[in-house]
Amino acid sequence: MGLESALGQGFLTTRLDTVVNWARANAAWPMPMGLACCAIEMMAFAGPRYDAARFGSEVMRFSPRQADVMIVAGWCTYKMSHAIRRIWDQMPDPKWCIAMGACASTGGMHRCYGVVQGVDNFLPVDAYISGCPPRPDAVLHALMKIQDKIKTEHSVMLDT
Amino acid sequence: MKLTDIQSRVHSTFFTEHQKQLYQSLEDKHTTIEEYDDGDPLTTKMVLNMGPQHPATHGVLRLVLQLDGETIEKNKLDIGYLHRGVEKIAENKTYQEFMPYTDRMDYLSPYSNNVALCTAVEKIAGVPVPERAQYIRMIGCELARISSHLLWLGTMVMDAGAISFFIWTFKEREKIYDIMDRIAGHRFTVSHARIGGVANDITDEATGAIKEFMESFPGELKDYHKLLDRNRIFFDRNEGVGVLKTEDALQFGATGPTLRGSGFALDIRKVFPYLKYDDVEFKVPTRLEGDNLARYYVRMEEMHESIRIIKQCLAKLPRGPIRTDNAKQAYPSKDEVYYSMEGMIHDFMMTDTGICPPEGAECYHAVESPKGELGYYIQSDGTGHPWRLKINAPSFTNLQVLENILDGEMVADTVVIIGGVDPVLGEADK
Amino acid sequence: MAEVTLTSYIVLGTALFMLLNSAAITVYAERRVAAFIQNRVGPNRVGPLGLLQPIADVLKLILKEDVTPTAGKQFLHTIAPVIPVVTALMTVAVIPFGDGLYATDINAGVLYLLAVASLGVYGVTLAGWASNSKYSLLGGLRAAAQMVSYELPLGMAVASVVIFVGSLSVVDIALAQENWWFVFLNPVGAIIFIIAAFAESNRTPFDLVEAEQELVGGFHTEYSSMKFGMFFLAEYMHVVINSMLMVTFFFGSYHLPFAGYWLPELSPLVKGILDVSVFAGKTAFFVFLFIWVRWTIPRFKFNQVMKLGWSRLLPISIINFIVLAAILFFLA
Amino acid sequence: MSLELSETLQTTVNSLTEHFPDKIIEVYQSSGDTFIRIETDAVVSICTHLKNELHYIYLSDIFGIDRYTSGERFEVVYNLLSLRDVARVFLKVRCEEAAPEVDSVTSVWSCANWFEREVYDMFGVTFRNHPDLRRIFMPEDFQYFPLRKEFPLLGIPGSIELPGTTPDKD
């Protein structure tokens, strides 16, 4: 992707990896895929009491082209699933996905004909949040987990 | 280019038949009154899809707009992106088990939904409710109304472009969440009402928190008024936008603040009083203009009225039980369950079979939720599960109104009008 | 045309450097001010007080995958984000930051400013068109209409300043305000200029070009990676530039209020430092004003913007110009 | 069965029995609500009468019921509100399973549009003369009617497609 391929193999070191991961972790702009009740708690997550801005994540980008972390908040129906997948495909790499709440993670209490039993049926989910709906603290926790995950990633080729 | 070519240019990759029919229906709308000239390049139409994922559609509403420049010529709404079939679920659950699902219907005011289901079940099964529980429910309902209207206010003003406003209203909502936390044990989806009463009594701490909120909140409301009532831009954005005349409102079945903003004072709390609403004093705010500004005033005044109602409820709150003491009709109290064998058995029976209304009984009961008339129709087959449970959701009816008032407005208005009508898709999509 | 000296290069270099930095600082300031207005904390995890936040943002944007719409105009899509950045950078050439501290003194500097500043919108329009997205297209069209409508009042407001000075050189305009700032002599012009400058920089209440709630991202809906980052930074550069223009034309440039009457003669070094600080201070205030307005006021509707531009600002600015000209004629 | 009707509802029932003597099948009460069952073919004329003569100008809801019987399986219920007299009345019509068809009342109340679409979507009851009879919640490609009793709660596997997990598939 971009810079990495341009500079070629063997040039970049883990040092650079750290910087890259630092930038990515601290500027994870969420793509709020607010579907149902969890979306309201997701708003609280950006609101004054919980303040996602502290982590550099307050820039909610509604255009998938500019977002890094997709937060699927709420139950996902079969009818909606295509739209979600389409938006996920539109997001440029690197990207992460949080399944917020029981419904997005497993279908939750909505065990019925309309609801996909977990968005991981068609999305690669990085962090699941339990709760129905989860408290905003839990969303912050998931965000921090994503940050931890980003920090351990190796996006740059190592010298071999 | 002929208008019929819109459909041929739609390349859909999923639910092809659905998309085709949707665009076909958009084309068919008002075709009787409009004629297009063949071969005129200027009649090329742009069809704009707003949603299902769009920042201002309050979730997953999809609007298909046919534009002429920035003006909407025709529009069609596509809903159902949150349809999970709660009515089907209800047929497979006992009445009490279905309670948490009502929280997730209109998730901006869960308490009203709980109360709506409870009152309907109590009506069909003939369960009496102690007075104290009724007052607690009223307090909960009115708090939910304030909370819902606060979110409406925040999102509507945010849709008009002032993002901070949303955050300010959310600050107040957080206080209501705290109160709900103290009353019911969960900040958001409360599930506090029970058939035959409420889950637990309101503590002194909670009463104190409510009183404190009642003291501070009117000041905040005043600030909102100060900021918006004389704000030229806010006025221009809302005045004369999305006008709904009284006749149209009745014809299209508008309900709640949308109907009252159009000049018809229909409020279920006044017309068919439930709980103790005939014992408290309140007005039904009504406006005649029918535009978005009228809806704004109606909702703002409703918040003032809600404060009045809560104050009266707190003053009148009687002592006594909070749930009916009949183990065939309501859950026994936890004390009884833990320390007596009968209580344990009754609790088990309530969970297992639940309340069984008489076979063939039918009933409809409506409450005035923040969005409008929220009614539950229940048909019983004599078992603990409803044979048919129909939810008359106010957002669903109001969305239909939306489809009719959007024509002729501008793209920038759509978001404000959606905000003004205030639909919740979880409820509309059932 | 003044001679290009070493000072010119130094000033130009410093100014460009500062402008690039100021965009980052403004991003940070906007986040902190917005957080303050909204009772929040704002970014505070990255570096001391979150000061490294803009760096993290930009670095992340650079390292993100770049997406170009296959059906769009790929060449235009690529060059569109460059235009606003370049035009923003070009404007600093003629702005005086202090007594004698300017890159160059073009004798038609005002015309140069007007010409360059209005070019920035082409980037937005091109971006909207090249993206092959309906939301972008609507955003681009709005930008074009807005540009045409607000150029005229902006020009008239500047013209009403020029008649006081009798010169099209920006340096002369700055010098002429040593005693009386033009905001005192020409308040109507100042208000019109501020409104038009808000519109030109596409900030709330005139941000209907991007209008997040209606058009998702407007012209930059389809932009990702650093191309979006350029738009992002250019927006803030234009905020800074427009603040500088406001200061230069109406708020006494690098002069303290009525400085000619009371400020004693200072050594060139002290005077230079004072001038630059005064200029920077005033600019910072207007940047703050931009941010403040953005986070409090709702957005206009498209037709209201047009109405305001054509039926309010334009006639008022013309009348203002004629009245001022007449007064000056009879006084002289 | 004795009825305890309020004055307004008594007037309504009287007026209906007078104007449509052979179309009213049954009038009954349950839990305090009044239900009037009518012949299926008379639904538009009775609704028009109710609206124009008896001021039931507000249609609150229309919904279907699956009775799961061999004859007259589906029931469509109209929830009407008289705003002048503050009275609520329910009209019921029944239709057969083989070809469930009811006349549309969109000509009487515009808001019947979406309500009837919902009944169609959930039960497969078609409405004659409906201006825009499409599914409202489920996608058009879906072939079943979910609220019919034989439809399983968990749905029929494979009846609605999930998106592919490779971008190229779309």
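Per-chain residue numbering starts at 1, and chain names A, B, C and D are given in the order in which the chains are listed.
Here, contacts are C-beta pairs under 8 Å (C-beta built on N, C-alpha and C of every residue); 3 or more make two chains touch, one makes a residue touch a chain.
What you see is a predicted model, and the numbers here were worked out from it, not measured in a lab.
Among the chains in view, B has its Cα centre nearest the centre of the complete protein Cα set.
Set side by side, the interfaces B-D and A-D show unequal numbers of C-beta pairs in contact, with more at B-D.
Between subunit B and subunit D the centroid-to-centroid distance comes to 22 Å (mean Cα coordinates, whole Å). Averaged Cα coordinates give subunit C a centre that lies 61 Å from the centre of subunit D. Rounded to whole angstrom units, the spacing between the C-alpha centres of subunit A and subunit D is 44. Centroids of subunit A and subunit C (each the mean of its C-alpha atoms) stand 35 Å apart. Counting partner chains per residue, subunit C has residues 38-40, 212, 216 touching two or more of them. For subunit D, the set of residues touching two or more other chains reads 137-139, 146, 151, 153, 161, 163, 170. Multi-chain contact residues of subunit A, defined as those touching 2 or more other chains: 47-48, 62, 79, 82, 84, 112-114. An unclassified topology is adopted by the chain contact network, corresponding to no line, ring, star or complete arrangement. Pairwise, the chains that touch each other are A-B, A-C, A-D, B-C, B-D.
Contacts from subunit D toward subunit A in the complex involve residues 137-139, 146, 151-156, 160-165, 167, 170. Within the complex formed with subunit A, the subunit B residues making contact are 13-15, 52-55, 59-60, 80-86, 88-89, 100-101, 103-104, 107-108, 151, 166-167, 170-171, 173-174, 177, 187-189, 425-426. On the side of subunit A, the complex with subunit B involves touching residues 33-37, 39-41, 43-44, 47-49, 62, 74-75, 77, 79-80, 82-84, 87, 109-110, 112-115, 132-133, 135.
Across the complex, subunit A is touched by residues 31, 35, 38-46, 50, 52-53, 55-57, 59-67, 212, 216-217, 220-225, 228 of subunit C. Subunit B makes touch with subunit D in their complex at residues 13-18, 20-22, 25, 28-29, 79-80, 83, 85, 87-89, 92, 123-124, 126, 250-253, 264, 266, 271-272, 360-364, 366, 373, 375, 377, 379, 387-388, 390, 392, 396-397, 399-401, 404, 429-430.
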